[in-house]
Amino acid sequence: MNPVNYLYLAALLFTIGASGVLIRRNAIIVFMCVELMLNASNLALVAFSRLHGNLDGQIMAFFTMVVAAAEVVVGLAIIVTLFRSRHSASVDDASLMKL
Amino acid sequence: MSFPLLTAVAVLPAAGAVATAAVPAAQRTLAKWLALCVSLATVVLAAVVLVRFDPDGDRYQLTESHAWIADFGVRYELGVDGIGAVLVALTAVLIPFVILAGWHDADTADDEKTAETPGRRWRPTQGFFALILAVEAMVLISFLATDVFLFYIFFEAMLIPLYFLIGGFGDRAHQHGEEEASRQRSYAAVKFLLYNLAGGLIMLAAVIGLYAVTADQLGEGTFSLQAITEARANGELDMATGTERWLFLGFFFAFAIKAPLFPLHTWLPNAMGESTAPVAVLITAVVDKVGTFAMLRFCLGLFPEASEWATPVVLVLALISIIYGALLAVGQRDIKRLIAYASISHFGFIILGIFAMTSQGQGGATLYMVNHGLSTAVLMLVAGFLISRRGSRLIADYGGVQKVAPVLAGSFLVGGLATLSLPGLAPFISEFLVLVGTFSRYPVIGIIAAATIVLAALYVLVLYQRTMTGPVKAGIEGMADLRVRELAVAAPLIALLIFLGVFPKPLTDIVNPAVEHTLSDVRQHDPAPDVEAAK
Amino acid sequence: MESLIGLLVGAPLLGAAVLLCGGRRLDRAGHWLGTALAASSFVIGLLLFADMLGEETEQRAMHQHLFSWIPVNGFQADVAFQLDQLSMTFVLLITGVGTLIHLYSIGYMEHDERRRRFFGYLNLFLAAMLLLVLADNFLLLYVGWEGVGLASYLLIGFWQHKPSAATAAKKAFLVNRVGDVGLSIAIMIMFTTFGTFAFGPVFEATGETSEGKLTAIGLMLLLAACGKSAQVPLQSWLGDAMEGPTPVSALIHAATMVTAGVYLITRSGAIFNAAPDAQTVVVVVGAVTLLFGAFVGCAKDDIKKALAGSTMSQIGYMMLAAGLGPIGYAFAIMHLVTHGFFKAGLFLGAGSVMHGMNDEVDMRRYGGLRKYMPVTFVTFGLGYLAIIGFPGLSGFFSKDQIIEAAFAKGGTQGWILGSVTLLGAAITAYYMTRVMALTFFGEKRWSETGKDAVHPHESPKSMTIPMIVLAFGSVFAGGLFKWNESFVHWLEPVTQFEHGHSPLSATAVTSMTVVALVIGVGTAWLQYGRRPVPAVAPRGSLLTRAVRRDFLQDDLNHVALVKPGEYLTRGLVYVDHKLVDGVVNGTAATVGGASGRLRRVQNGFVRSYAVSMFGGAAVLVAATLLMRAV
Amino acid sequence: MSTTQSLHSLWTSAAAEPDKIPSPHIEYAQLSPTLIVLGAALVGILIEAFVPRRARYNAQVVLAIAGLASAFAAVIALALDGYGTTKAKIAAMGAIAVDGPALFLQGTILLVGVVAVFTFAERRLDPKKHGNHVDSFTPQAAATPGGEAEREAARAGFTTTEVFPLALFAIAGMLIFPAANDLLTLFIALEVFSLPLYILCALARRNRLMSQEAAVKYFLLGAFSSAFLLFGIALLYGYAGAVDYSSIARVVSNSEANVDPALAGTMGNDALLLIGGAMILVGMLFKVGAVPFHMWTPDVYQGAPTPVTGLMASATKVAGFGALLRLLYVVLPGLRWDWEPVMWGAAIITMLGGAIVAITQTDIKRMLAYSSIAHAGFMLAGVIATSEDGVSSVLFYLAAYSFVTLGAFAVVTLVRDAGGEATHLSKWAGLGRRSPLVAAVFAVFLLAFAGIPLTSGFTGKFAVFKAAAESGAGALVVIGVISSAIAAFFYIRVIVLMFFQEPKVDGPSVAVPSPMTITAITVGVAVTVVLGVAPQYFLDLAGQAGVFVR
């Protein structure tokens, strides 16, 4: 099966993630969409690593997961504080600063 | 390594500015005297420069040259030529009078603030005189700089102190009250700054372009005027026509704003109208001269072909400024704005003379810079004294002053007569030289320009008649005549006007050779009179 | 001896400086100082004159080079004096009459607290006028030229508290400025043509250039002359100039300054001789003004304005003569000098009358004054006889010569000019008789009681003596000059002289003149001497009213210049504010507006930020690919 | 060879005995700056854990400053050793470059860091609360704003001393970012300095809602952009089959696209490269705050605690531009013709956009944010020059700009009223009358921003424009000049406000700061003036540092 399909899939996932970020209001979901984008990149990395027959891609994928995990920690912390002070996780409510 | 005289000339007032600013709030008077003494010391130094300057010597004398910013090909290069020398003298001479005239201008501002700020950290008086000296220093160095970049830096930097002088110490005499006054004031200040800053930034692009060109053709970029002119002379540097014209325009634009030339003049009336008379004098008599001076030294010196190419347009614009400024002066209701528009007309004459490309024209233009400085100083400062008495700038509020304050009226009249360039007073000489110089190359323009002397007479005499003659208006009676300090400002300037009107030779002797150099830069010669041409 | 020339100018200049800067402490002695300096300058003049007479006719011209004034390459202006017969004539006239009028003013200005300054101005005028006639190049002459303009401005407006005076002064200066433009342009043309503007070189070089250029120069000089000498079309200022104190009118606006134009033309004879067209224009201007002034003189009830009209007309005579070329120059100057005497005398007389009548100027409120001020009457009368050209008196000789010369112009021109001058003579007789009759004869039209009571009285010695002296001048000067053509010979080295060949014999001309004179006097006497004159002027015909308003000259200027000028300036002020400035403020406003709109994009919603990022990314990618594609 | 074989070989290589794997060899000396900072950060964590609360503040401050200072010393040592020029090399198995730009930028970041720490540590601006000093950070980030817990924490005198280790981590990341020599390190460094900043943004003591909002926005958008970056990295890796710059560059330059033929069949080989490069650019441009990826800047700058804003505005830009330069000059020089036009566009809209929008701002911090955008545009102009001059000019500009920015924000912290910092412009009216000195200092910074001669701003601008002009980007210079004219307007506006308007009665007062902030501001002014009047030495420095190691 043509390996380029993996790439297409990755691109698809990335786009889904991106559009999710653009569309969804809930901060958590937005954040999950970002994670989806990262994973799409991971898929692409792994696929390429497989193509090129070296391990760099896979290693990078691992790193990405670690980073993602770290991001979750920080991100959730921030989002939770926001939720506690506003009682809503909607990113659109957080628009004090504008113009 | 001889004593760096030129640096000293510029550094002295700068140091004076710092010292003045440092004077504690309580000793206002000390600050004033300090500033005055420094400015007088500067006059002495300037005199030394004039004496040490040998008209028939090299083009640039007393030169200093030190490495500064090698990466930009910038050197700290000073040198004085005839034109620079007289303008340095003018600046140095005028500043003491400006300071003396503005003796009390910052006081009231001071008093207002004393109540409000405990501990008096706000020190307008110190600031006022420090700023004036700072401006002097920067103007002087830009007259002395022979490095384009060095010149540019101070050409730009001098805007800042001026900006504060205009905006911070405006003329409190305002028909619409303090609130409106301060609004107008900061509008004028901002307008002044943005106008000139815009010009300066356009010039910056040209300056960078100049570097690129020199770097491209001479191997390494340079801003040294001499280096560039030499390279031009021996053909190492040969700008493409298009490039040269763009660069010329970049430079000229900035100078035309500073000068100011129609249609870039509208900042001047506001700036002069809203600022105190001494500051107005500082602007029009001293600072604006940097613009015309720079046209002469940099536009013609760096871009001769382009200057020739632009001459027709510039001449027409200059002519328009002359007529336009005069007509608007006639139409003004505000004394200071009237003087401002008159100045615009005179700057038209100066630029006309510069671009007439004849030794009479350019020599005349140079003298004009000096004489206009003096005449405007007299007119504007006396007007300032008048306004400070009545507290209004509207011509309509005056009348019959001559009856109650004859000396004031007399000095005002002399200033006016100088402004309409009456023979026997200095401005006549420069104006006539400019006219002759223009006429010998462009007769039509010369004649039209000559015709405008009627307009000059018109606005001056109308101003005098409305303010000084006729029955004494309400609010004028009991107006005090010139005080000693004020007389000490007016009298010497008037004497100078008369002396230079009767015996300008000392100046012309210094200026002529320099003008010759400039003309050789642009490869021009005076047209020969028909009779000899025929032979 | 040459070294004295500078002093001629120096003495009064010093006086002006001292008196104007001296301050109040000079108030008591100031006028004497001024007079003394004027007199000393007159004495110097006499010394130089004596010295000059000692010389050979050809060696009489003296030179004094003081210093190099404006040296700029080819442009070399010096401060140098040239004293030849022509200048000498003027020097004596100016200093002489000047001194007398200084003397007169002591009495006349007695009660004016600004008398010191008045004398300062008078001295300033003398200095400038002398500079004008002594300069050896046109630029220096220009200095004197504007200098006298300034002095006249200051003196006309001496009573500045009177708005009318201030306005008149301004008007005089402005109109003169128009003339000055002519002079400066003339100098510019000279410089570009000859490379110099010094008298000698220019006059020698006239042969080497085209007639066109010379005509141009000539016309420009004429323009200047018109301004200074109140010739049509720049005549409008002279009438108003009478706002000044009467001594000023006598000295500046009758005897000396207004004749500067004639001096200029005569001095530049070499140029005009080579430019016949220019000469023709001069003649025309002279002729027109001659009649114009005369008519105005007839219509005025203000004694000074009437005299002013006559001044214009008399200068018209001189212009006309000067325009005739070598056959006329000498006579122009001769008439100028005699006119200097009698016109100054007449003005002083008028001043003396006003002095006695509480500064009343309307002749219709005079009448029968001969009994009250005999000296004035006699001196004024002699001046009157002189100006109308009563045989044997100064005016007769000088005017007669001009009329002859006019005929001698030859051809139709000659006839026209001749008849014009004759007509002028007749009208002169008419209006001067009118003045005389209204002022000194008839029954008095004023009262010694009532609210505007007047007590006419003779003026003090300091005023009468000058009048007497001038009366002598107006009686004998002419004869003296005519005495075997002494004056013509005196001037010949400077102005050349050739006898015009008149189609009519001298006696014929003379008799015609006398006839004209008789007609003029007769009609006037019938009109004003015999019948009583109404104290208020009758409305009069349309023409009369037009003439009273100087042929509507001011109204014309108002409509043609003043009003449009006002509109223009107002319009420009508007344009400057709205358009030129508007563009700048406009750009600023536009940027501001753009900013206001752009910042709305920053709407605070994180998702829209994300959108812009995403869009940006898309564009970036697309652009990169596109770049490769193309 | 076919896919299956390669796959097989992969298995075998994996199955090979472990001792074959060579242990990586790390040049600790050359990496010392980063390591020192990281170490200090870790120690900071330990301090948080073990040192009693009273002592923490002092311990942290001392530690942080000491750490940064010694790291700076290390940088200097390396530079003197010639690692900036002759001995420039790639350390840590090709992961990190030790060369001129890296050292120069690290030095700058460290200095900026020290100054920033000073402002972090400022705790005299507000009056004591319950007998405890208070700084600009919330006593307890977890507590709800205005809630009981918060009051408790305040009464107990808690202080968030974690900010120091966080800042150190962030700085460490920034040190690596411009030195990163392979895409992986690049990505990690990015995250290492981003994550702490997200947290720092949320820690403001006043206006906590805004602060948290800023954090959320920054975090979400940051994560979003890093996703782009990562995907770009993936594609680039896919194109080149390697992640270290040098080999990618090799592949790009002689474009031996070793893509699998199967891939090659379906897409033009360079598509991967181009798309990948573009997406990485997106990530970079986001960090440097270039239009249209700038929109986080104003909100975050406004909401974050001002000291943090100062750090972000200065150090982050430095790091971001460093990485951008390295990427464009080392990895993608072969693609110059592809990315230059795009960057042109970006530079132009960034310059103009920043300047124009700034005009109508009413909040001083937002205004400075937009001005930082405009300045990013100017620097992009220098980046585009693609010449050694270009690099060094941008380096110089960064150094100059970062200090001005830091100083400016430090001044902002001083102007306070009841509600904390008075950042609304209207409140600054007449400041020059109340406290001329502060106003004058701020005016100096504004003039530097505006690029008035004799300030560092002018020198930097001139250097950048000069480089651009010499590389034939004249049009860019003209636009730059125009936009700086526009920009001048709002800097001037503030000056007008401060000096020419009458002070408001209820106007803000200027707090008397501790020596630390004073030092920070003084350093800012000093650098501004020195770089404006006598910049030659530093220009030389930047000039020598203009070469990337490949």
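As written, the chains take the letters A, B, C and D, and residue 1 is the first residue of each chain.
By our rule, a contact is a pair of C-beta atoms (placed from the backbone, for glycine too) under 8 Å apart; a residue touches a chain by one contact, two chains touch by 3 or more.
Molecules present, by chain and UniProt name: A = NADH-quinone oxidoreductase subunit K; B = NADH-quinone oxidoreductase subunit M; C = NADH-quinone oxidoreductase subunit L; D = NADH-quinone oxidoreductase subunit N.
As the structure is a computational prediction, the values presented were derived from the model and not from experiment.
Considering every other chain in turn, the ones in contact with both chain B and chain C prove to be D.
Put simply, the chain closest to the centre of the protein, by Cα centroids, is B.
Work out the mean CA point of chain C and of chain D, and you get 81 Å between them. Our note on geometry: chain B versus chain D, Cα centroid distance of 45 Å, whole angstroms.
Chain A and chain C have CA centres that are 97 Å apart.
Distance from the chain A centre to the chain B centre is 65 Å, each centre being the mean of its Cα atoms.
Chain A has residues 18, 21, 30, 91, 94-98 in contact with two or more other chains.
In chain B, the residues touching two or more other chains are 194.
Among all residues of chain C, those that touch two or more other chains are 588, 599, 602, 604, 606, 610.
Remark: the chains found to touch one another pair up as A-C, A-D, B-C, B-D, C-D. Residues 18, 21-23, 25, 30, 91-92, 94-99 of chain A are the ones that touch chain C when the two sit in their complex.
Interface of chain C with chain B (complex): residues 20, 67-75, 79, 139, 142-143, 145-147, 150, 153, 157, 160-161, 163, 165-167, 169-170, 173-174, 177-178, 180-181, 184-185, 187-189, 191-196, 205, 208-209, 213, 565, 568-570, 572-573, 576, 580-581, 583-584, 588. Listed in rising order, the residues of chain A touching chain D in the complex are 2-4, 7, 10, 14, 17-18, 21, 27, 30-31, 34, 37-38, 40-42, 44-45, 47-54, 56-57, 59-60, 63-64, 67, 70-71, 74-75, 77-79, 81-82, 84-86, 91, 94-98. Within the complex formed with chain A, the chain D residues making contact are 3, 6-7, 9-10, 141-142, 144-145, 183-184, 187-188, 191, 195, 198-199, 202, 208-210, 212-217, 219-220, 223-224, 226-228, 230-231, 233-235, 237-238, 241-243, 258-260, 262-263, 266-267, 298-299, 302-303, 366.
Touching chain A in their complex are the following residues of chain C: 599-600, 602-607, 610-611, 614.
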